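Both complexes below contain chain A, partnered by chain B and then by chain C.
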Partner chain A sequence: MGDGTVARQKQLILVFSRVWAWVFLAGLIAFFATSVNIQSRGGVNFLTIRNSQNILMAIVPVLLMGLGQTFVVIAAGIDLSVGWVMGLSSVVSAMVIVALTDRGTYEPLAIVIGCLAGVVAAIIPGLINGVIIATLRIPSFIVTLGMSFIARGVAFLLSGGNVVGGQPQGVRDLGNEALLYLISGSHGGLYFLRPPAVTGEALRQLDRILQWPVVITFVLLLIMLFVLHKTQFGRHVYAIGGNREAALRAGIPVDRHIIVLYALSAATAGIAGVLSTARFSGGSSIAGDPLLLSSIAAVIIGGVSMFGGEGSVSGTLIGALIIAVMTTGLVMLNVQPFWQYIVVGIVVILAVLIDQARDLIIGRMEAG
Partner chain B sequence: MEPMLSVRNLVKRFGGLTAVNHVSLDVYPGEAVGLVGDNAAGKSTLIKCISGVYQADEGEIFFRGERAHFARPIDARRAGIETIYQDLALAGNLGISANIFMGREVKRKYLGGMVHTLDETFMNEASRKVLDTLNIHFANFGEKIEKLSGGQRQAVAIARAVYWQAKLMIMDEPTNNLGVVEQHKVLDLIGKLREEQVPVILISHTLPDVFAVTNRIVVMHRGRRVAEKRTSETNSHEIVQYMVGALDDTR
Partner chain C sequence: MKRWIADNSGPKEPMLPKRFLISLFTFVALLTTSLLAQAQFKKPKIGFLPGVVDPFYQVMEIGVNEAAADYGLEVVTQYPQTWGPTIQTPILDAMVGRGDLTYLIIAPTDKEQMIAPLQRAVDAGIKVITVDTFLGDGDYINGKVTFPLSYIGSDNVEGGKIAARALAKVVGNKGKVYIQNTNVGASTTEQRGKGFKDGIAEFKDMQLAGEDYNLDDAGTAAQQTAAKLQANPDLVGIFGVNVFSAQGAGNAVKSAGLGGKVQVIAFDATKDAIENLRQGVVSLVIAQKPHDMGYLAVAFAMADARGVTSLPRRVTTGYAVIDAKNVDDPSVSRFIYRVGK
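And now, the complex of A and B:
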């Protein structure tokens, strides 16, 4: 075999290992687009605007937690506390909003303060995580596991185990209204920012496109994409994950960086908590926990190495999309929803296997 | 002439173990000093005290005539001491230029300095340039460090030190695990540094290498400095005697 062929094969394998997740996602969508339609005899369609928006809304909390997690895991850590930290933020934001509006605070102001309070309530445990992990050198796995129990306890104590309701209309709007509204059909139209005043059949035809939680999440995604891949801060995340000692000797303030990363991870979970309060018009301490493992799965499917040093924001986005598309599609196929867990599990393991196979094959090729 | 680096009675202990025991060492401009000794003699610990990785328990370090307190490695690097560690200190997951600029990345400013991005173009070009001046050529410049050979990694570490204009270069076993050709490259580089009056401390187990490039040899044994010889006035046989403890000038 000539050198050229080997190089080309290597290139092919590298390209495959990078794009398989995109191809897999496209395949999933194609599969559900045809099978859902056939199964429901044309009654239900997978490829609708409404369904696409549902999928986007479903990925919001998973993606937000996954984004913070991406940074932490690239720096060779893990944050297991984000699930309950999200719940804590949801409860705190809801309680602050109720308390303020009860006192007659101007509603938008009450909502802004409540949202900030939720995020701050999340950042505090994140900072504590970071300080303990960076300075005491206790494995992140243990510290954040402990913090997850603490956040859970605090969230339950604050809320008394109940959903914190009584939210003003503005909260519901933040979680459900959209950038665009579309009414399909002959009397339809596209509306910007404000939903048209319609009733009856037209209201049923009304699609919300890019609901606020989705818009906020994607703005954050773009910012974090930029920070991780284009800035010195992001470069140092990779350096710390690749060789912490080397980063230290090169003068990178490693401890400070690690503290900021856990605060960042908690902050994205906090934003997820606030958006959950908004979406369901209530603060719930259990809002995040069921999603924690999905968010870690998204990170792994997206190609972030659990050993640190590898991964990308776009990978995590794909991971989150794959999980959401699979879950939604299986439900629409009337498959028992429990199957989704089995499929997600298989994909997680497959993702890691593909990376390992790539390294093995290329290693063999280079060895000759 | 004033020494570039002067280490006075340095002591470093790890628990009950005295890894470096009252060691003194002077390095003058344009010199290459060989630091030799058996495994666990304390060579790496001594140079890590100089480069700010460890803090000495006793003793003083003077660099360019001034008392030096390097609390962290970056302080030593800012003063002009570049160290190539035995354990290399490169990030395997990053590329060549990212490693040369690690911790001192060059940035571009936007929006009046509010937003900074990495200036990859500048860093790539500067990296290529410094590698060129050292006569090091990579067919795979864009690769991650972990994909490079041992010699190529060593070359990157040396290029990093050269780029940042080392006033003193410390090399801990730089030819370990290298092929013969690559070993020669590294020795050539040490010669180049001496031509540019950059003093070098070379730690090596390979005595022929030490004899080839140094003008002075310091021998350590069990944490102590047991001999200091002009390279031209000694031979490997004598140095080995010091290394194994058969000879000891301090006794």
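And now, the complex of A and C:
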């Protein structure tokens, strides 16, 4: 075997380990597109605009929690507090918005302040996480686990366990309205920013395309992509995760970096909480907890190494998409969504296996 | 159709061409109208989306499926694995996204937060019937939410009162009692708690020692109850507001060796609750009628599709109270939540 073939094989393995999740996602969509159609004898179609938008809305909280988590895990940490931090942010934002609108504050201003308050309420536990992890060198697993209980308690104390309702219409619009509206059919049309006032059949055919939570999430996704892959800050995240000592010796302010990372992770969870308040027009402390493990699964499926130093933001997007496509597809096939857990579990383990096999094979090639 | 048949079986005179033509015309006309009527009536295709996996909703599903079989309808059933709008909404969206469902029978996991997602389903042309839990204040005629066709469920305030009075009777109208509740914000359990408090207030020698929320987890309920029992050795009774709450409370009382001394009133007649009743750990089980809710909801969908306009907007299905004496009486025991084998 010549050097050329070895290099080509190595290249092939590298490419496979990078694109398999995309291929898996494409396969999943193809599977649902055909099987849903066959099972319902053409009565139900998986590939619709409405479905695509449902899937995008479903990934919003998982992806947002996963985005910050991606940074933390690449830096060889983990943040288990994001679920309840999201709930805390949801409660705080809802309470602030209600308090302000009750006192007669201009509604859009009240909503902006409320959203900011929610994110700030999330960043505080994140900063505390970061400071303890960086300075006291307690494992992130333990610190953030503890913080998740604290955030949960605070959220329950603030809300009394209640859903914080009484939100103004603007809050519901933020969580449910969209950039584009499409009415399909003969009297259809495309509308920007404002929902057309229609009833009956037209209303039935009305699809909201790119709802605000989706737009906000994708703007954040692009920013995170840029920060992680194009800036010095991003390169340092990889450096810290790859080898903390080496990063220290290279003069990277590791402690400060770690504090920023946990604050960032809490901030994206906080945005998820604010958007949950908007979507459900109410602040709920339990909004995030059921999604925590899904968000971590999305990060792992996306190829972020739990040992640090490896991974990407786009991978996390794919991971979140795989989970959401599965939920929607299985409901449309009328299969119990519990199967989703089994499949996600297999995919998570598979993802790590593929990465390890890649390292092993390439290692052998280089050695042999 | 009937008239045509009657015409034929009429007087036996020779069939005149004219008369034949008239009957043929009548036949064709009637056939056309009946076909048109059939075209207008589209059999409902129903989505059933309970709040969470538990025996209560599983019995409701039996009712849904029985009615669907009786009417020859198709039902798409999906269970969320945990309680809450975050998990229920994506499933709801996917059910709406199917595009083939015309009616949705749902137990909304929050009376406020599920309004916007369900409004979306209504916009997409799906008629909504809420079972067990409701939206807004549950008044679909004059309340803040009026889009659902109907609410079919228990009057939970009344259920809480029934529980309080029954507990008072067992403990001799005096002593401290405690509530094991699930989540604030879930309309049904909140009201049971309220009804229970109202009921206890009717007895001057009874006090409420507190109320805890277990987030619908029997383990948490057991733990909270165990702590409460230690802090309040003089506790005489506990009200578990649903399946998991009563299960946890009952287990905590059992493992503290207080079976028979602390009376547990269990809401929801699961097999576990009945087993505890037989062992004397639970003194009274209040059974709801989830089977009725499921069956009626499908019947309502069918009636609405047929053009029935006088469906009640709110139906309360009532309770059966089960104690150690009547537990084997078939007229009562049929309300035990029996699922699977």
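By our rule, the second predicted complex is superposed on the first by the 368 of 368 C-alpha atoms of A that agree within 3 Å, B and C clash if a C-alpha of one lies under 4 Å from a C-alpha of the other, contacts with A are read in each partner's own complex, and residues count from 1 in each chain.
As a convention for this text, a contact is a pair of C-beta atoms (placed from the backbone, for glycine too) under 8 Å apart; a residue touches a chain by one contact, two chains touch by 3 or more.
If you're wondering where the values come from, they're calculated on a predicted model, not measured in any experiment.
Chemist: Just from the overlay, do chain B and chain C fit on chain A, or is there a clash?
Modeler: Here the two partners, once superposed via chain A, fit next to each other without clashing.
Chemist: Looking at the overlay, does A:A110 come into contact with chain B only (first), chain C only (second), both, or neither?
Modeler: neither
Chemist: Could you say whether A:R204 touches chain B, chain C, both of them, or neither, answering first, second, both or neither?
Modeler: Only chain C is touched by A:R204; chain B is not.
Chemist: Who does A:T231 touch here: chain B (first), chain C (second), both, or neither?
Modeler: In the superposition, A:T231 contacts chain B only.
Chemist: Identify the partner contact of A:I323: answer first if only chain B is touched, second if only chain C is, both if each is, neither if none is.
Modeler: After superposition on chain A, A:I323 lies in contact with neither partner.
Chemist: Thinking of the overlay built on chain A, is A:A239 touched by chain B (first), by chain C (second), by both, or by neither?
Modeler: It touches chain B, and chain C stays clear.
Chemist: For the combined three-chain view, what is the angle at the C-alpha centre of chain A formed with the C-alpha centres of chain B and chain C, to the nearest 10°?
Modeler: Vertex chain A, arms to chain B and chain C: 150 degrees.
Chemist: For A:I252, decide between first (touching chain B), second (touching chain C), both and neither.
Modeler: After superposing on A, A:I252 lies in contact with chain B but is clear of chain C.
Chemist: Tell me which partner touches more residues of chain A in the superposed arrangement, chain B or chain C.
Modeler: Counting contacted residues of chain A, the larger count belongs to C.
Chemist: After superposing the two complexes, find the smallest distance in angstrom between C-alpha atoms of chain B and C-alpha atoms of chain C.
Modeler: 37
Chemist: List the residues of chain A that touch chain B in one complex and chain C in the other.
Modeler: Comparing the two interfaces on chain A, one with chain B and one with chain C, no residues are shared.
Chemist: Within the complex, which stretch of chain A touches chain C?
Modeler: Of all residues in chain A, those touching chain C are 40, 43-45, 48, 50-51, 54, 57-58, 61, 160-163, 165, 172, 175-176, 203-204, 206, 276, 279-282, 284, 286-288, 290-291, 324, 327-328, 331-332, 334, 336-338, 341.
Chemist: Using the touch definition up top, name the residues of chain C that touch chain A in the complex.
Modeler: By the definition above, chain C touches chain A via 76-82, 84-87, 89-91, 93-100, 110, 112-117, 120, 123-125, 183-185, 213, 215.
Chemist: Under the touch definition given earlier, write down the residues of chain A that touch chain B in their complex.
Modeler: Contact set of chain A toward chain B: 230-232, 235-236, 238-239, 241-243, 245-252, 308-310, 366.
Chemist: Flag every residue of chain B that touches chain A in the complex, lowest number first.
Modeler: Within the complex, chain B touches chain A at residues 51, 53, 72-74, 77-78, 83, 85, 87-94, 98, 102-105, 107, 116-118, 147.
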